[in-house]
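Both complexes below contain subunit A, partnered by subunit B and then by subunit C.
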Partner chain A sequence: MNDLVQVVLSGLVTGGIYALLAAGLTLIFQVSGVVNFAQGALAAVGAYTCWSLENQHGVALAPALAVTAAGLFLLGCLLQAVILRRLGGDLASSVIVTLGLLIVLEGGIGIVFGYSPPTTPLSLPLPDGQFNLGDWSLSLQELVLAALPIILLGALFLGLRYTRVGTAVRAVSQSARGARLVGIPVDRVRLAAWGVGAILAGAAGILIPSASTAPISPGMVEPYLLSAFTGAVLGGLDSLPGAAAGGWGLGILQNLVSYYTPTQVTSWGVGKDAVIFALLLAVLMARPTGIFGTAVQRRV
Partner chain B sequence: MNPSPNSLALARLGVWRPAAVAAAVAALACLPLISTTSFAVGFLDPAGTYAILALGLNLLIGGTGQFSLGHAGFFAIGAFTAGILSSNDAWPFWLAIPAAGVIAGLFGVALGLPTLRLIGPYFSMATLGFGLLVAEILGTASWAGGRTGITVNYPQAGSYTFDELSFFWVILGAAIITYFLVWNLRHGATGRAFVALRESDFAARACGVHLAGYRVLAFVISAVLAGIAGALFANWNGFLDASNSVTSSTFGLPASVAFVAMVVVGGLDSTFGSILGAVFISAVQYWLQDRPELAETLYGACIVAVLLWARGGLAGLPALTRAAWGNLPGRVHAGDAHG
Partner chain C sequence: MRRTKALAAVLTLGALSLPGVPRPSGAEARQSSDPGVTSSQILVGASLPESGPAGAYGVIGGAENAYFQYVNAHGGVNGRKLTLLVQDDGYDPSRTLVNVKNLVLSRNVFALLSVLGTANNQAVIPFITRQRVPLVYPATGSSLMAKPFQPYLFPIQVTYTVEGKVLTDYAAKVLHAKRIGVFYQNDDFGGEGLAAVTARAKQDGVTLVDSEPYQITDTDLSAQALKLKRARVDAVIIFAIPSPAGTFIGTARRIGLNAPLLSSSVAAQPALLQALGPAGEGVYFSNFAPLPDSRLPSVAFYREVLKDYGTPTTTPVGPFTEAGVGAAEVFVEGIRRAGRNLTRQGFIHALETFRDYTGSLYPKLTYTASDHSGVQGAYVMRSHHGTFVQVAPFEYPS
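== the complex of A and B ==
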């Protein structure tokens, strides 16, 4: 039983990263109609910025995080203002342009920091030891890692619900034209959504090294992309709680699958990713609007 | 591609065009004689191989207007099929390469049918997932070499053993056949059906174009060509390993992006443009092989620049330049689909 709870907890850790990435994708898609394939690269940019500030410039963690968040916000705004706004909502073009941005950002990281992963890790001050609750003994580090995305996304939901900016974002995602008619500065709301989406990506990027013990590298988010997109699709790309719940659910599902998969099957290379991909195809085929999303009408 | 006024005049003479094509092919065929092995492996072989893949992808993008982010998956399937067949089972390369195309095509059917109804970014996400999954499986599975990779023998025909230089002739032959196949498909009834579907699937169906059939057809042909390109790659590269993060630029997401970049930078509406795009991206990768991060940034920036400023890509540049000079009014059709 303790094993199972530990498996679910580890699932919540990876799931939290999926949830952050999926929520960022969804926020950006809701408001600007662009599926941002560069989301993973933004996450890597966040991880490298924070790592560089801490390890190369000797900045303490808290200010480093603040500067990273501010930088990512500006980067997100910049992408929207300079590039994506000019495409005027052309879906096919936005796919290719965000792909182009994906490799520009990854290559940019390579130019500044080199392709080989840095030797010093990006480490967060996480507590060691076990947390005992009744019969359960859980890793304290994983508890904190699982809690951080919950806190961040909780704050985001509250902000969208109860602040003026949040209301404006929700209005634009319902109808950009309607929002413009009632005097909401739609372009500035889009900028803000891109900025916040980039911050969410960066948060995922900063958590990944602690959650996976892998070093940071330009392509470090690739293993997380499939689940992040599947999570966003489960939310129909237009439901933030749906995307986040999808992300967490996938994290737990993945961990359960690999826990119960016999090793013979794993050696064939068919494991958790195959399950996630099957789920992605199934959801896209059966309910392109996702499980939590609202039905959209398509113009012919 | 728009012929320049000069070559247009030549083309009117009738005999010159086939003669020019023959001369160009002959010049290309001479390349292995004057090239070094490192130049062949670094540029000639990849350019020819990727041209085949880009031509197929061009058909898909031209046919459905949708962007596949999973063609590195078909490329990898083709490469590993050919590699395993010719190394473990000692198939000759001229059988292993078509077999790789068939296997990749079967996967194309398997992925093409369920993704048939998906539009725009949803299609891209599904194919992205496919590519990531294939790279993951081939990178870990023991039968695909697992973490050590597999070595592919030099291809043999009878008693002759090809090397990296002479194998370029095989690639060149395959690329020329592919070009004529794709050109014919795009300029015949099938091509018109593709264009109709891309512009408005609703209207196309009203005219009796079989939507599902043509979409799957475009997808499967592009998968077969990607598989054949992968098989050619296995033969001249001699080593396949999908596990390493360095080689994720061969089989992973960066490769899929590079493939889309070839078609986009070459020009979405031009068959010949895709060859130009493949040659261009291969050239960038070759000249900057010690700085892959610069190469990536450069062609990423090219994608964005083409989308923002030059929709016709490389193939549309002559028209764009002439439009900028303004000395040839009425001949500006950047999207002209003349190979």
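== the complex of A and C ==
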């Protein structure tokens, strides 16, 4: 039983990172119509900025996080204002442009910091030790890592629901034209969405080294991004909570499949990825807009 | 008339841009009939992962270049200076092949120094054999680099089979493990390690109770760690590249898998230990080159080369840059022995005169006309406060 709880907890940790990435992706997609393939690169920029502030400039963690968040917000706004806005919502162009951004951002990190992981890690002050409840013995680090995305995304959803800015964002994601008609400054809302989306990416990027206990590197977010996309699509790209739920669900599902698939089968190459993409196919055939997405009606 | 001329121009340009078509050469005179050699320069190519999941190995290129700069600053080799062209393949074998074809056919390199990755090397062996281009240091421990005999390959790295034997022996005889587990990359690299451990376990009288594969794209390794824990292993042997190795070690400690962990040298990266923190203490690694902080003169020299011709971020002291400098030393010695009249065949024959060569930082190296096997032994070291400490002598397992 302890094994199952552990599998789910680890899945929640990984899934939390997927959820952060998926939420950022979906927010940007809903508000500006752009599928941001550079979301992972933004996450890496966030991680490296925080690392650099702490390790190269001696800044303490809290101010480093604040500066990183502010910097990412500005970067997101800049990307939207200078580059993406000019594409006029054309999906194909935005795919190419954001892929280009991915290469430029990751390459930029490589040029500035080198591709070899720095010898000092990006570590968060996580508690050591175990949390014991009856038969269960769970790592405190994992519990905190699982909780952080829940708190962050909880704050996001509360903000979207109960603040004026949040309501404006929801309005624009429902209908940009309608929002404009009621006087909402759509362009500014888009800037805010990109800014917040970048911050969400940065949060994921900062959590990854602690979750994966691996050194930071420019491409470290990419494996997570692939699954985050999958989770977002599964959950439905037009539902922010759905995308986040898809991320968490996928994290747990990947672990369950990985744990219960006999090793022999995995060594043939039929791993959890095969199972999950088969699932994705099945879900999308049944509900093309994802589990929580609203069905699209076309007027003929 | 104009259209015909234009058509002729386009066809000529097209033909010239096809690989393999002879082109007018540069202004410099050639001393030999082989490409990449002029009266003053030797052009050398490399394909390494400078980005992507194995980007940590990219520093090998920087280290090789640092050594070349040292050699050039001291008069070059037989009157020629060395230039290294490194191309990034992101650990993707299809990109490796593109890079190597480009280096050989378009950039006209004389020879190759370092192509990294088991699958990556396998992708290019047929091509470089057909083109008869020597490759020094196919950076992989795959036994396939030397067996069957590959006339154009000169591996240096100890094979995963030898590492598997050394690690299994250590687990069984020194750590007294009875139930061995293996965590391995699900490809030829990890597969060879697993096969070696499986065979050696039988020989050592211990049981391989569980083996767990992973894919490079896996983000979460807790299922593998849990299954190994459930199998009640008393040692886990790891064949993984640094990033997944680090994740596995951290995960294992988090879920309470506290058995000793023993890893192939490919994951022996100081940054990995730093990222793991206390969880990275006391992990065993096999290794075949001396420790990077050793007081041996050859290793002190390596650190000098990095200090004078490298930078701390692009060429940090560690097992990977050490491998790069060592490989470059072997390469340059081969060039030196080949003499002023430098040809690819001459270079190959020169390398095949190595008999227990100890002029590089590597242990003694022998290449003959029928056997190019690299270093065939290893020792075990242990992580301690962020560095490595040797805990067993160098051995050549049977």
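Everything that follows uses one rule, which is that the second predicted complex is superposed on the first by the 289 of 300 C-alpha atoms of A that agree within 3 Å, B and C clash if a C-alpha of one lies under 4 Å from a C-alpha of the other, contacts with A are read in each partner's own complex, and residues count from 1 in each chain.
Rule of thumb we're sticking to: a residue touches a chain if its C-beta (ideal position, glycine included) is under 8 Å from a C-beta of that chain, and two chains touch if they have at least 3 such contacts.
Because the structure is predicted, anything quoted here is derived from the model rather than measured.
Visitor: Given the alignment on subunit A, is it a clash or a fit between subunit B and subunit C?
Guide: Pair status: clash.
Visitor: Let me test your reading of the model: by the given contact rule, A:86 touches which partner, first (subunit B), second (subunit C), both or neither?
Guide: first
Visitor: With both complexes superposed on chain A, which partner does A:255 reach: first (subunit B), second (subunit C), both or neither?
Guide: After superposition on chain A, A:255 lies in contact with subunit C alone.
Visitor: Thinking of the overlay built on chain A, is A:213 touched by subunit B (first), by subunit C (second), by both, or by neither?
Guide: second
Visitor: After the superposition on A, what does A:104 contact: first (subunit B), second (subunit C), both or neither?
Guide: After superposition on chain A, A:104 lies in contact with subunit B alone.
Visitor: Is A:226 in contact with subunit B, with subunit C, with both, or with neither (first, second, both, neither)?
Guide: Touch status of A:226: both partners.
Visitor: Looking at A:273, would you say it contacts subunit B, subunit C, both, or neither? Reply first, second, both or neither.
Guide: Touch status of A:273: both partners.
Visitor: Report for A:247: first if it touches subunit B alone, second if subunit C alone, otherwise both or neither.
Guide: The answer is neither, since A:247 touches no partner chain.
Visitor: According to the stated criteria, A:141 is in contact with first (subunit B), second (subunit C), both, or neither; which is it?
Guide: Second partner only, subunit C.
Visitor: Going by the contact rule set out at the top, does A:115 touch subunit B (first), subunit C (second), both, or neither?
Guide: In the superposed model, A:115 contacts both subunit B and subunit C.
Visitor: Superposition on A: which subunit C stretch among 95-103, 221-229, 257-265 or 275-283 collides with subunit B?
Guide: 95-103
Visitor: Following superposition on chain A, which residues of subunit A contact subunit B and also contact subunit C?
Guide: In the superposed arrangement, which is not itself an observed complex, subunit A uses residues 106-107, 110, 114-115, 217-219, 222-223, 226, 266-267, 269, 271, 273 for both subunit B and subunit C.
Visitor: Can you list the residues on subunit A that touch subunit B in the complex?
Guide: Touching subunit B from subunit A are residues 35, 37, 83, 86-87, 91-97, 99-104, 106-111, 114-115, 217-219, 222-223, 225-226, 229-230, 233, 266-271, 273-274, 276-277, 280-281, 284-285, 288, 298, 300.
Visitor: Using the touch definition up top, name the residues of subunit C that touch subunit A in the complex.
Guide: 50-53, 55-56, 58-59, 186, 210-213, 215-220, 222-224, 226-227, 230, 242-244, 246-247, 249-251, 254-256, 269-272, 274-279, 313-314, 316, 320
Visitor: For subunit A, which residues are in contact with subunit C within the complex?
Guide: Subunit A reaches subunit C through residues 3, 6-7, 10-11, 13-14, 17, 106-107, 110, 113-121, 123, 128, 130, 137, 139, 141-142, 209, 212-220, 222-224, 226-227, 251, 254-255, 258-259, 263, 266-267, 269, 271, 273.
Visitor: For the complex, which residues does subunit B have touching subunit A?
Guide: Residues 65-67, 69, 114-115, 117-122, 124-126, 128-130, 132-133, 136-144, 200-202, 245, 248, 252-254, 257-258, 260-261, 264, 292-304, 307-308.
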